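Two complexes are shown next, each including chain A; its partner changes from chain B in the first to chain C in the second.
And then the complex of A and B:
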């Protein structure tokens, strides 16, 4: 019986590829794919042939040769005798450092500005509006250069700290603000400091455990335990106690003016600060808009209902509004983080040694291996962007609406 | 969209590579204008004057080549290039030649496939510091912050010099001479290092040049000269012999003042006659007019005139001839014979 409704099982004819709607679209897609593959092959082949004609070959052997140049900010061991590969690694770490710092700072700026822009205080909300409109409508490269120029022009040179009556003095004898960067005291890890560090880590675990316990108590008994002051206490008290019990193993290395520059302590270079600040404040303006949009996307009825249940405004924000707003905020936040990472390649404008400056700048220049270096750079940025996006998507999945 | 961009990149790369092998001399003649890569602004060597007209020692070489090929010293399109972009621009055919205080090195010549057509300035790397720093030798620079133009031989020499003298420093990489000048004057670096000639030129443009000194150490050899792409020897010959003509003109006493008289009729000196085209076929061998060298020398004068007018002792830059004197005066300038 069923054979009546079956389509006619005619033999397949070649003309059906064009005439039969079942195959037609497949045919055209196959043709398009073929043309695309052929053109890529043709262009690639053309490139290789022309390179060969010009006597150039693709080779990554240069990565093993000594780089020959120095880098001012290195997170790993590096001298001018190290290889180009090592120089690239130094650049990669510097890129990751600035990207991480700027993402954290931009999020802080963005959330603060986004929430404040919705404030009932007219002045505060208008000020935040001005911040957002000014900072996101001027290119980030210009911000980087402006901030760097202001730093070098306004802050005193290390030379100004010299003499009996210096033009500039150090803050608390520990912090020096110069036009080459900010010098802060660095910790010196004496014997026994490991115990202090472990105590500190343990107290952080303790804070989380206590907070979890407080939530559990709240749900089980309805009793509200204080969390703020105990957390602060747990954060500081055990570590400081342990520090004195172990006989003060951690001391501070203060920066001192010696020779041309300050020595000792930790140096945060002017390029790092300028780039960090510019990227954060620029991207922060975009994040502020995302946050505002997210909060406004939560219907007013939600907070009114929460208010009717007797929740205070702080708890309404943290328990009702923000968890729902995050669903709207996070997807655009991912692309802002990607933007920060990619915009960090503007570092060369202020002489910050990121991967574009080392591998894509000096190495490329000194070896002349442009194609190889650019391919490596593309690979690096692609990998890092996809990783960030992957991690953020995992987080997004954890906060998005759970459908049951 | 991504595919399109990829296509575009490949096409550009393909075109660039195929253009490189074309005959540059014919291209320049057909275009009627010479594309010459110069520095982004170094007083005395290449910088636009108050009227926006490029002038300087390196610019003079461009004009001489344009005059020799096209008969017009003004038919030059100047393309300002940073240290980072210069070689790519030349390899990609964006400029026909580079006259941009560029050091002749083995790897640039052999590995980057460039052709240096001679040396128009024998230079060496020096250091400039503010006078009130009280430094008298580069060896006292331990711990100093050094501004340096990135993508240059200076960057590598600097690392080698400080390493071999076992002193430390902090490099501040910078793109252009103008930025370096700004950083140095703001005190963001203690020392500015580059070729000694460029230091003199930079210092001359300061408000108070006397407050800054150039240290006596010269830490490297920096033979600067014009260069062209590898693989077009005919064009390389044109640039090489135009430069040689300027140098030979000084040696033979041919100046922009007496050249018309000397070129009007054969003189008693056969080499002058061959150079100026009143005897022999040298111009035709290059594929140029017989009076090519006359045009080149008339453009801005011979080597000595170019030197004195732009960077010599009577200019604010005030460079002595030193190594850049004729071999007959104890210098290194030595043009092969015109025959």
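And then the complex of A and C:
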């Protein structure tokens, strides 16, 4: 930094654009901008010409027109007279639903398989190894189709449940596995059930508050309060008590066989189940690898040191190994969640009405508005992805090792 | 107690022969005690898993070994099985050409894709295994052109012209690269363009009609062949693009950096299906009005963009993992950017990124099944479309899906084992 360069002598020469480092990057960027502008102009020009030839224009007015098709699984009010925009909304909600369900289930599968793969039990760890390899190396689309086939071709039809000696029976008299989907009891929210739900939420908050209090007491006085049984108690007792105090407002609507189909209860359609399980089992295999890698990344010295301090194995896991392993596990875990969300677009292969199937499928085919539909679809997925990666960055910054 | 004094205490004079360890502490029993029945929960876990394995095998093995390999229809197959459990593998033998080559690839020409497939091993071998003689790279060099000619047929002039363009480009590059890399590179590109443009006039009209190999349109290709074609083409095209994108993202020029960042993040943010929708319904609008680009090429473009973005991120990780000293050492040797990248940075960064790139390649190969959603008849498309809906084989799910799953498993597992081998092989940090 002490060297003094002579101020540039003489006038500006054209060769300096290439040879002088001060101008060179500007030159390259100008060329890049030119190429970019030219290709945008070229593509845009082609687009305009093609649209004019086909007699089309870009307009989003079709979103207000009636959709004219039915959707079998909806979370909000929807009829075939609703607009395309509402159909897209139904699709978006369905995408979020399947993504949420599959994320939860995949985490359960993945954590279980990842932990079991490190088990001392030779048979179990090998079995989990086989599970991971098989599911990672076969396309998720094939898994979706396989589970969808099991749901539709292997499960008994509803009429198999009829007669005095039915071929199929309901599980616990509440769950029916049929080729039209799985029927489960649906809760009926009677008057006063809001109080019960609020009590439940309050007791969840109570559990966290109690645990925090227990930790505080431990650090302040060294007295160890029991946490496990009080948590369990807080979880169940107030809600059940309130349920009976309010006169049992919440009841279950069991599916009942009537005619050729089940009525009542909640029907989880075959496409939903297929997509849910296939995505969770497939992604679970990837999560299992992440979990295993995360646990193995914590050096053995850490758990040995904790053991030397006299901690029991459960506490070593929860106080020493897991907090360090989670730092390694969570970023790839979140990107797996992102993958689940993106892979849920495969719903279109089994006819689950997610946003790709409504907006990118039926709406697109009915209106012929290919460009608009695909752009909206991309915008939706892009929003989700960017949101999730934003959350991930915030998390990464918060758990980053604070050095110096 | 009283007469211990007058009896001589027993003193052993020779060592007793070594006894074998107790039965419970040796061999298989010890191993089982330690690895299968170490504790009660462990034993329960073992029994449960053993039961799971048994029930799977008990269901699947008879089904496989009882399989029928010769029948014309599902009904005939069920007749042979006569109520016993067994698979109808006859569907695989009867529909083999459709599963592998697609619905309408001319049967007399099946030898062409088969030959291309065999050649693939010879072309890939020198790239994958460094111990093989370097001369084998010549096969790799010619492979794309030969395969194009074998698969699509038609006049041999097109692949020769394409090859000539590359040769011309390479010669020009060699001539100018000593001056500056940019001059060599762009000179080469322009030379290749000129050769292709001029050559375009030299190919006579109707050359395809009386060609040595019968021309086959891309829409006639399908089955597992289509998956292989898409996988191999897109991965090999996307690695150079991915390198460029990764370097662009690391660039100090803000405009170039942001172009690359926007491209990468956009592609990574949307599912492959939407990109395939773009290929099938939207991309045609962006080509010149009179041109007609066929669906295969459009899909290749989109999948290549997709995997290039992911590979760029992997390579960026490799670039970021290099110690800063490597960059500074290259600078202090007086190398310019292109030389530093080519000689110092990229060889190391690519080596670090190989496992990641292979992972992306495996994922991409699996994702080629998605083209069945935009009604291309790859292996999944063939199974779900023409085969399962035919009256002969309506209802043969497990044999077909199992076959497709097996093909993918063998390929993908093989590639990932290769990548682990390569990782061990390239590990230079001797510890």
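Throughout what follows, the second predicted complex is superposed on the first by the 385 of 404 C-alpha atoms of A that agree within 3 Å, B and C clash if a C-alpha of one lies under 4 Å from a C-alpha of the other, contacts with A are read in each partner's own complex, and residues count from 1 in each chain.
The working rule: a residue touches a chain if its C-beta (ideal position, glycine included) is under 8 Å from a C-beta of that chain, and two chains touch if they have at least 3 such contacts.
Computed from a predicted model, the values in this text were never measured in an experiment.
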First, second, both or neither for A:194, with chain B first and chain C second: neither
Touching partner for A:270 - first (chain B), second (chain C), both, neither: first
Touched partner set for A:391, first chain B, second chain C, both or neither: neither
Partner chain(s) touched by A:141 [first = chain B, second = chain C, both, neither]: second
Which of chain B and chain C A:122 touches, first, second, both or neither: second
First (chain B), second (chain C), both or neither touched by A:377: second
Which of chain B and chain C A:180 touches, first, second, both or neither: first
First, second, both or neither for A:51, with chain B first and chain C second: both
First (chain B), second (chain C), both or neither touched by A:72: first
Shared chain A surface residues [contacts with chain B and with chain C]: 36, 43, 46-47, 50-51, 53, 149, 153, 348-349, 370-371
Complex contact set, residues of chain A against chain B: 36, 39-40, 43-44, 46-47, 50-51, 53-56, 68-72, 79-81, 149, 152-153, 157-160, 179-180, 258-261, 263, 270, 348-349, 351, 353, 357, 361-362, 365-368, 370-371
Chain B to chain A touching residues, read off their complex: 3, 6-7, 10-11, 13-14, 17-18, 20-21, 83-84, 87-88, 107-108, 111-113, 133, 141-145, 150-151, 155-156, 158-160, 162-163, 169-175, 182-183, 186-190, 230-231
Of all residues in chain C, those that touch chain A in their complex: 34-36, 38, 42, 45-46, 49-50, 52-53, 252-256, 259, 265-266, 268-274, 277-278, 281-282, 284-289, 362, 366-367, 369-370, 372-373, 380, 384, 395, 397-398, 401, 404-405, 408-409, 412-413, 416
Of all residues in chain A, those that touch chain C in their complex: 25, 28-29, 32-33, 36, 43, 46-47, 49-51, 53, 119-124, 127, 133-134, 136-142, 145-146, 149, 153, 342-343, 345-346, 348-349, 356, 360, 364, 370-371, 374, 377-378, 381-382, 385-386
